[in-house]
Each structure stands twice: as structure tokens, then as C-alpha cells.
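Handing you this structure, nothing more for now.
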Amino acid sequence: MTQMNAFEAIGHALAEEMARDPRVLLFGEGVATKQKQLLEAFGPARVRNTPLAEGIIAGTAAGAAASGLRPVVDLLFSPFLCFAMDEIVNSAGKLRYISGGQFEFPMVVMALTGGGWTVGAQHNHNLEAWFVHAPGLKVVMPSTPSDFKGLLKAAIRDDNPVLFFTDIGLTFAPGEVEEGDEIVPLGQAAVRREGTDVTLISYAKTVHTCLQAAESLAEQGVSAEVLDLRTLKPLDEATILASVRRTGRLVVVHEASRLCGVGAEIAALVSEKAFDALKAPVVRLTGPDAPVPSSYPLEQAFIPQADAIAAAALRLMQTPEPVPA
Amino acid sequence: MTQMNAFEAIGHALAEEMARDPRVLLFGEGVATKQKQLLEAFGPARVRNTPLAEGIIAGTAAGAAASGLRPVVDLLFSPFLCFAMDEIVNSAGKLRYISGGQFEFPMVVMALTGGGWTVGAQHNHNLEAWFVHAPGLKVVMPSTPSDFKGLLKAAIRDDNPVLFFTDIGLTFAPGEVEEGDEIVPLGQAAVRREGTDVTLISYAKTVHTCLQAAESLAEQGVSAEVLDLRTLKPLDEATILASVRRTGRLVVVHEASRLCGVGAEIAALVSEKAFDALKAPVVRLTGPDAPVPSSYPLEQAFIPQADAIAAAALRLMQTPEPVPA
Amino acid sequence: MTPISQDPNPLALLERMMLVRAYERKLIGFHEAGQFPNVCTSVGQEAAGVGVVAALRPEDRILTNHRSAGHLLARGADPGRMLAEVMGRATGYCKGKSGTLHISAKELGVVLTSTIVGGELSLAPGVALAKAQLGEPGIVVCFFGDGAACEGIFHESLNLASVWNLPVLYVCENNQWQAYVRRKEAMLAERIAPWAASYGMESRTVDGNDVEAVLEAAAAAAAQVRETGRPYLLETWTYRQRSHMEPHDPSYLVPEELAAWAPKDPILRLTTKLKAAGLVDDAALEALEARVAGVIDDAAAFAQASPFPDFSELATDVYA
Amino acid sequence: MTPISQDPNPLALLERMMLVRAYERKLIGFHEAGQFPNVCTSVGQEAAGVGVVAALRPEDRILTNHRSAGHLLARGADPGRMLAEVMGRATGYCKGKSGTLHISAKELGVVLTSTIVGGELSLAPGVALAKAQLGEPGIVVCFFGDGAACEGIFHESLNLASVWNLPVLYVCENNQWQAYVRRKEAMLAERIAPWAASYGMESRTVDGNDVEAVLEAAAAAAAQVRETGRPYLLETWTYRQRSHMEPHDPSYLVPEELAAWAPKDPILRLTTKLKAAGLVDDAALEALEARVAGVIDDAAAFAQASPFPDFSELATDVYA
């Protein structure tokens, strides 16, 4: 076990995977400048700066992935993905299917998003739901340094395009990380805290907000279970449904805007597959239907807060339970 | 009343709005070639062919909209929107907010999508949920020629960016259209058929599939209400909730893929705000998590079918109802 | 069928162009007969496709687009599996999942075909990067149109390929049209080859309707890309003789333009030349006609006899 | 403050450049003092901004980017409202919703500022189209960097503006850096101006650190755009003296390059020249220094005294 933050965990994952597999390479705007140690370790052919052009960065990754390499590209901030949607969605996500299975696209697209740096709506836009909606892609968004490392290693080894989102609010938060080759398989949620009365489901930064809420709920005699999705696609339906079947109550929390977000998918999943177990309405606490403001107090207010989560859970405890006939 | 198809209805809406308001103009790849009558009526300054470049078409629309014009742009097929996401989402959708309200973006972006022409996954991808998720945008997807006309007129008069999706499967289906200046306001769903046992909610082509399902359900003694959303953003929550409160059962149907789609949003909305009225799980029937195949039989199989909708509704009728305590 | 590159003599070039023409005519015939999936034909551009592919080696890779029949057939694709794909049959190169617009045939080195205009440009540098990085021989040929050259990704692709020294032979088929828009309406320049200079890349425009000239120019360009490992832009100056897609819609075409280009038809030009040189006579030509017609008739029969994909295929091949 | 364009004499140009420098130095000072929002300063590029804006008229429109302080201050923006925006205060030009990266000031004709590199390029033709279509006087100036010139939207924007005859003066500030990447790493060409030829557009590169030369070139270019209604590309050859953003990180900068450009500092050059010409002496310079410092100190005080936006502002200004 060593202490490191998310950035360091990402660096370790990249270094280990590049050392393990010569087909892995990293490129993006300034990565060779910023990841000096990787450049020194693996040389300019495998750690490359690019021109300022997200479309061709992602397209080159897709072409290379289909031709035997395993590229990792850093597109910096998630709104910049808007310049690479064709390459990610129409090419990497679809050409395997369109070609009748002739190609594979083992590639990872990294981007930062979320509040914390007051960078505003053109650097901070939680777009993960777009890639969950689009076929052929996988989506990862970790909440702890050890998951940043273990999930990035798994993403690099996956044979599909994986979107890897780093929550800006978590970048410098330290945490314990296993030494060596610890993989966190894609598609497995983590139960961060066990509970019996209500399930709080989230991912990335707001997992920690849910844990705070669970603390204060405990003080009020409510036992909250906290689930960390970790992978948004494929979703760990089994773990989600098992928890809600136990507790009968669900609050879904994320910073991304509400409409058609990941929270909507989870609420819909549960209201279809665990309906009989539900004792109360499924509640979502999310960012508003608005771009993210830069001003620090507003940027923070955009993010669901622990007290609001606890209050929502308490309200669910008060709803009269329907009794099955 | 006159008979016309969706393409004709769109042509009438454009002609009427361009005649009404000199600030309205139309451009896109080949629109001046294909819309000869508009070109003749309004001249080459207001009906323009463009170079083959979706990004600058959308960006030019946004810049023009913020500067006093009311552009309508035709981006042809929805996957091509992937080349214009920055201009639509980061600029048109966000710059009003980012600037503290200094600008407005009265513009309409049109695109075709959906099964019917076997054009495959790079011409057919129902992406409407992306734009529902992103802030600052409105989204329209009509199901009848009169709505194509009335909603497009409303979209052109709206002071916000509106995504206007045309379901390929509806383009040549004729229908009755009012003569003259009939507006269909954005944000209002339509009850296409009244019923008491179960609510079927859809939009675009699959509204008609739901109506077929309602027919066969009626024969089996089940009274289905069919809602046509028409506008996907803003959603007509009141009409949705009122219907589900009446029937207590909900099936949501769309051709778009399931995960984080509009159906997820509606299921989540209902499971939060009409939970007490629900007598059975909320069911979604959607396209699979796959690109759309070209082969005609597969392309059709991608789309939810009437018999499956009826079967799902019947299953809901059989679920034991929970009784409130 | 064998790739044309294994024997690019004038008669072979002629026969291959005739085969492409026969293939396209068959599709036109299907449309004239009734309902059929829309297709973009390459009638008039046979030399531009056949001439370039004739300059390639088996280890080379080809990326193409929606107007790909000439490229595929020149590379030795089976017209039966192509037509089956167009008709959405399980025996097509992509199991019917692609349809006509994005036929890839990895076994022939025709990879990542995209119908997103510019898709081929976005993917080509990565294919070349993989070759370079993995030490594989061969170059990457990227076929795109004058319309694709208007997409921003053209700028990004050529710049990256040049900065990274990638072995990409960019081939722009300038056929004077971009779907329903005349090239003149979409750019002030007549030619696209000079645009390569912005990227420090060499380029050349060749008469795209003279298959021998195209072969010569493509061979020289390919040799340079092999030798330098650097990209090159070859523009083939040609003409789209039909409307953007079938069914044919001449309403927006320009009669004078069609008339002016008619005598430059690549098949007509080569036959005239070979006849003059006494290398073919009418009998030989008729024999050739009959041979390619037979191949295409058999292909059509195969395609029409092929089954549609099973419904179980709907959501397969999505994830690896 | 008044726009510089209303009195572009050498001393006014000098004072305005000094004001910009003082503004940027103030931000650098905040960073040296502790936690402060990241900002991209224009230190070293004052002449490129002030010289171009000095050539503009009130009816002209300006689109700029993340490195916009020089453009805004030259246009007469209130440094207090700018700093308030940087600090996320309600009194900022965008109510604190933008922050430093996308400050628009519609009242000054500085519109649609985007921090998406290339955003300004995608929006500029539309602003010009509206002017042309609505019969409004004035041209549109679009400031972007050498990095933005690598984005595909550069290609699309210049091509459309040229084909549609739009009155856009494109101004590329080639400051030799693209965030953490040297310009040389991102393109083979040294200069971007020649790229305009692909679009049938005229262009010129000017010494971007000589404010009088920039003013002269911008005035000539603006006059041509006004007269012809056609776009023009002006490249200002300049240098980013600091790291991409504050807090300053010299670790990846190139000492020799910094040293080579130091004597070309635009403020140093003009002061030296004016002194030699006897137009200013040290006393006058100190007075100028004091004046601009005072303006910026007052601005900072105003910003720091300003309130943060009310929470009720979180989801307003989203829909019209």
C-alpha cells in the first residue's frame, strides 16, 4: 500500500501497462510535455504530443486500434470531446458492427470533468451519459486513487473503446493504492458502505458526498447503503438490484445534469426490475439543466450536497409503504 | 385541410416562416438544390448551399443567430451531427449562460434519423437524448405531417436553439394538415388515444406502433392511452404524470437505444413523481444497445413492434397491484 | 478475383474498368427495374480507382468511402459478396450489416470503410501509425472526394500525417460534385492538390480519366511514400457521370458539363487508344464485354439467392 | 475607458500596452500571493492585440478567446469588471458565470468569446453573415492562435467565409506555443498566413511585437475587408513570454527562446523608440506607469469588494 492521488495513480497505471505491452502508446495535446517520466521511460514514439486537433487525435487512435496498437489518448477536458464525437461514436463505436465484426478498437479516451477548478462550462461538462447511450463504447468514472489505477489498467486491456473520465474534484485527493498489478474489472460496482434502510447510488466525486450523507443518516438512526458504480457501461445491474431489493429505497446522485443522465437509467432499471421491492419513490439528486458556472460558490452549488441527500433519504423513510396484495 | 407528407409539411412551414420573417434563412449541403421552390421564392441570400462541413454550418448558424438572424440549418442525417457537437452544444447551448445572458440563439438544426431506408448506422442513429441531456437546447420529434408543420413553425419562432428530428420512416406518410398559420407550441404532448388501463408513451414513428398495439389491446379488453410527446425538451411532465396517475401502468416506447434514452427519463420521472399511483413496473421497449443494421429485416427488427408492446402491456395488467397502507 | 496490381497491362486495366462499369450498370438496372437500396455509383471514375489500386502491393492498406465499388473490384473483391452486402444479405462482406455505404474487406486490405464523409481521412493516419510502429511493410492509401476535402478533418489529417511522418498516400477523386452541390460552389480553388503545400506535403494532379496516366502517377507517388515514409497528396481530376445516387436524378445535373466530359469517358478513351494501336478489335471487345457481364450476372445471382441475416445477428458484433 | 482606436498615436498605443501589461502583472501578483483562478496572460503579445484593435471602428465586431485581456482592454473594457469576472463576482461582464476564459462584452462589440480553441473561428462567419444580410456596417475581427489554426474548424471557417464573401478579418496571433506544445511540434510550416491561399484569400504576416507595424497592417487589412466585403488573414508574429497559464510554470519553456525574444518585447521596443525620438523621457514613463498602475489597483479593489453571484443565479440565463 502507498499513498497517492488520482493523477499519480493514472501515471502508475500508464507506466505499468506501457511496460507490460509494447502496443500501448499515449498521445494528446501536451502529454509528452506533462508526462516527462513516461516520455523518458518509453520514448517519443510511444509518448507523443499532437497538434491541437481533437478529431484527428481520436480518429488516429481508432485507426491505430483497429490495426494492432492499443492507444490511450488524452483529450484534456470533456467538452473538447465535442470535436471528436464522429471519431469516437461513428467510427470507434460503430465500425466493428458495421463491418460485421472485422475490427476491434482497443483504445482509451481520457478526459477531465466536474467542479473544483472554476474553469466554467466549456471545460467542465459531465457528458458520460452520452457515451452510455451510444453503442459499442464502455464508460468508466472512478472515485478513489486505487480505482483510478485498477480501472485504467482494465480499460487499457479491454478490446473495446473505453471512455475514462477523471473527476476534477478528485485529482489531488490522496488515497491508499495497492503496489503492483491490481486490476479492477470493468462492470463491477463497489458497495462502499453497507446499510439496510436506503440505497444511495453514485459515482466519482459524489460517492464521497453520499458517504457523508450516510454518516449523518446513521446519527439519525437511518442505515444507508452506498454504492459506487465505478463503471457506467456496462452497468452492474445485479449489484444495483440486489441492494435496492434489500433496502426498498433508492436515491441516485450525480453531478451531471438530470435529464437522460445515468441517474435516469438507474431509476428506470430499478422501477422495472425491482418494482415489487420498492417502498418509496426513486429520487434523483443531480446537477441542474444548466451549463456549469465558473464562480466558485455557484460551481459548488451545482453539485448535489450531503445535507440534501440525507434530507431526501429521510423523506423516503417517511413515505407510507405500499403493501403488496 | 389538405393532404401532404412530412417533407411537404416541412417545406410549407419553411416557406410560410420565411415569408413572415425576413430574418429567417436556410442553409445546408444541397438545400438550395433540393428546395428549388424556396430558392426561387426567397433568393440565393436566404436559401444557400454550403461546403461539405457540418461544423461551420452549425457554427455559422450560431454566430448568425446571436447577431440578429434566425437560421435554419439542414445537417441531413443525425450521425453527421457528430461533426457539429461543439458548435451546437458548447456554443449555441452554453454561450447564453456563459455570457451572463448577453446572447440569444434562435436557430433550428434539422436532421433525419430512424429506420426505413436501410442506410445503416452512419446515417441512422437516434441521438435525440444527447440534446435533451445537454443544457440550453430544445428538442422536437414529430409524428404527423400537421405536427411537422406546426412544430417547425414554433421551433423557428423560438428564441432558443431547437433540434428538429425527422423520422425517416414518416417522411412520405401522408396526413391532414391545416391550411395557414397553425402553430403547435413546443412542450405540449398530445393524447393520441384515450384509455384507462395502461399508458403507452412514445414519439415519432413508434407513436403509430403504439396506436396499433392499443387497437389489439382493445380487442383483448384492455383500454390503452397513447401519448405522443412531440417535444422531448421541454418535456410535458404534467400530461405524462396525469395520464399515468389515471392508468397506473406505463410502457415507454422508442426506436433509440435504451440506455440513458428519453424512455429512461420518463420512467425515472414517473417513478419519482407518480410512484404512489403505479400499479405495476414501468416497462421500456426500445432499440437495442447496438448500431443500426442496414439489412432491411434487421433494420425493421431494431424497431419496437406492436405485438411486443401489446404483450408488455398485458403483462402489466397481470402484475398483482400493491395496495397502499 | 485477383488484384489488378498483379498484372497492370493496358488490356487488364481495360477489362477491370469494364468490370466496374458492368457492376455499376447492374445496380442501375436494378433501380430501373424497381425498388432497390440507394447506391452511389462510380460511373465515369473507373480509371481513378483502377489506376491507383493497380499501383499497390498486397501489404498496402486501402481506406475508402461511399463510392467504393471501383476500389474494391480493382483490389480483387468478389462482386457477388459486394452485391450481397448491397442487398443486405448474410453472405455480404459485412454480413449485411453495412449495406452499400461502408463495405470493408479486411482480407483484401480494404479497412475501416466509412460513409461519414471525412471518416476515411480521420482513420488513415492511425492505420499508418500502426504499420510504422509495428514495423510492418506497406503504405496506406486513403480515397476521398473533393467534398471531403472541405471537412475540417482533411486539414487535421494531412497536418498530422505530415508532422508525424506517416506513410499515407492521400488520393482525392475530384469529380466536380459534392452530392447535390457543384464543387465550384463549395471552394474557390479549382484544384485540391495545391492545398498540400500548407502541410509541407508534396502533391500532384493527374488526369483521372486516363487510367495509364493515373497508374503512372500513383506508382510514382506510392514509391515516394514507401521510400520517404512521408505522406503525399494525389488528386485525380475526374467526373461523376450520374447523379449523386441511384435512382438516377438528372434534374440538377448540368447538360453542358455532361456533354463536355462524355468524350473523356475513361473506358471510351482507352478502347479508342488500344484500337488505334491495334491491340484490340471489336471482336475482342465484345468478348471482354461478355466476360465481365457473365461475372456480374453470376454475382447478382449469388447475391439474390443469398439469405438475409438471422435475427440473432441484430445485436452481435457490437462489443469485442 | 475609451477604445484605443479613437486616438491611436504612439503615446496612446504605449499607454494602452502598459495598461494591459499592468493588468496581467496584477493577475500574476495574485498568483504569487496565493490561491487564485488560473488565467492565460498575454504578456509579450500586447502589441498584437492593441495594434489590431486600434484599427477598428465602433460598429466592428470582435471575437476572441481565452487570451483576451489585451483585446478587451484595447477596446475600452473596464478592468474592474474584467477582474471581477476573473474572480467570479456578480459585477463581472458575465455575472461571474464565465470566469476568465470566455469574457464577452456585447456593449463593446466583443461578442461570443469562446475558450473552445476554434470556437471563435466557428462563430465568426455567422456574425459577418448577419451584418451582411441585415445591411449593417462594419466588419468582424476574429482573434485566434497558431494552435487554433491546427483545428479543422480553421479550414472550414476560412473556406466558407471566402466562398460566401464574408467581411471577416482573421487575425492569427502566432506566439510560437500551443499550451504545452511548441508550434514547431504541431506544424511543419513556420507561418500560417500562406495557408489563406488555399481559400483564395489574401494574407500577410506582420511583426507582431511592433505595435505601429501591426496598426498599419491591420488598418490596411481592415480597409480591404470593408471595401471588398471579402475575408483576409493577418498573422501577427509574436511570442508568449509566460507559461500557458498562471501560476507560472517555466519548467517546459525554452530559455534560449525566451532570451532571444526578450529584446523584442513590444513595450520595450516602443519605449526605446519614443525615447530616442525624444517623445518621452523617464519622468513621463514613470508618470504613465503610475497612471496605469492606479487604474488597475482601483480595478482590483472594485473586483475584490464585489459580491459573488446569488445562488438564485445558478440556473438562470440558460433559456431565452
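A, B, C and D are the chain letters, set down in written order, and residue numbers restart from 1 in every chain.
FYI, a contact is a pair of C-beta atoms (placed from the backbone, for glycine too) under 8 Å apart; a residue touches a chain by one contact, two chains touch by 3 or more.
Bear in mind that the values here come from a model prediction, so they are computed numbers and not experimental data.
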Query raised in the report: Does A-C or A-D have more contacting C-beta pairs?
Result: A-C
Query raised in the report: What chain lies farthest away from chain A once each centre is taken as the mean of the Cα atoms?
Result: C
Query raised in the report: So, what's the distance in Å between the C-alpha centres of chain D and chain C?
Result: 46
Report summary line: Distance in whole angstrom between the CA centres of chain B and chain D is 41
Query raised in the report: Distance-wise, how many Å sit between the C-alpha centres of chain A and chain D, to the nearest whole number?
Result: 37
Query raised in the report: Which residues belonging to chain A are in contact with no fewer than two other chains?
Result: 50-51, 53, 55-56, 79, 82-83, 86, 90, 97-98, 120, 122, 135-136, 288-291, 293
Query - Contacts with 2+ other chains: residues of chain D - result: 95-98, 102, 114, 116, 118-119, 150-153, 155-156, 159, 163, 185-187, 318
Query raised in the report: Chain adjacency by touch: line, ring, star, complete or other shape?
Result: complete
Query raised in the report: Which residues, counting only chain C, touch chain D once they are in their complex?
Result: 150-156, 159, 162-163, 185-189, 194-195, 197-200
**Report entry** chain D-facing residues of chain B, complex
**Finding:** 23, 25, 45-46, 48, 50-51, 53, 55-56, 58-69, 71, 86-87, 90-91, 95-106, 135-136, 138, 159-160
Query - Residues of chain D that touch chain B when the two form their complex - result: 61, 92-98, 102, 104, 106, 111-114, 116, 118-119, 121-131, 133-134, 152-153, 155-157, 159-160, 163-164, 316-320
Query raised in the report: Where on chain A is chain D touching in the complex?
Result: 29-30, 33-34, 49-56, 79-80, 82-83, 117-120, 122-123, 288-291, 293-298, 301-302
Query raised in the report: Which residues of chain C touch chain B in the complex?
Result: 37-38, 88-89, 95-102, 114-119, 147-148, 150-153, 178-181, 185-187, 252, 308-309, 311, 313-315, 318
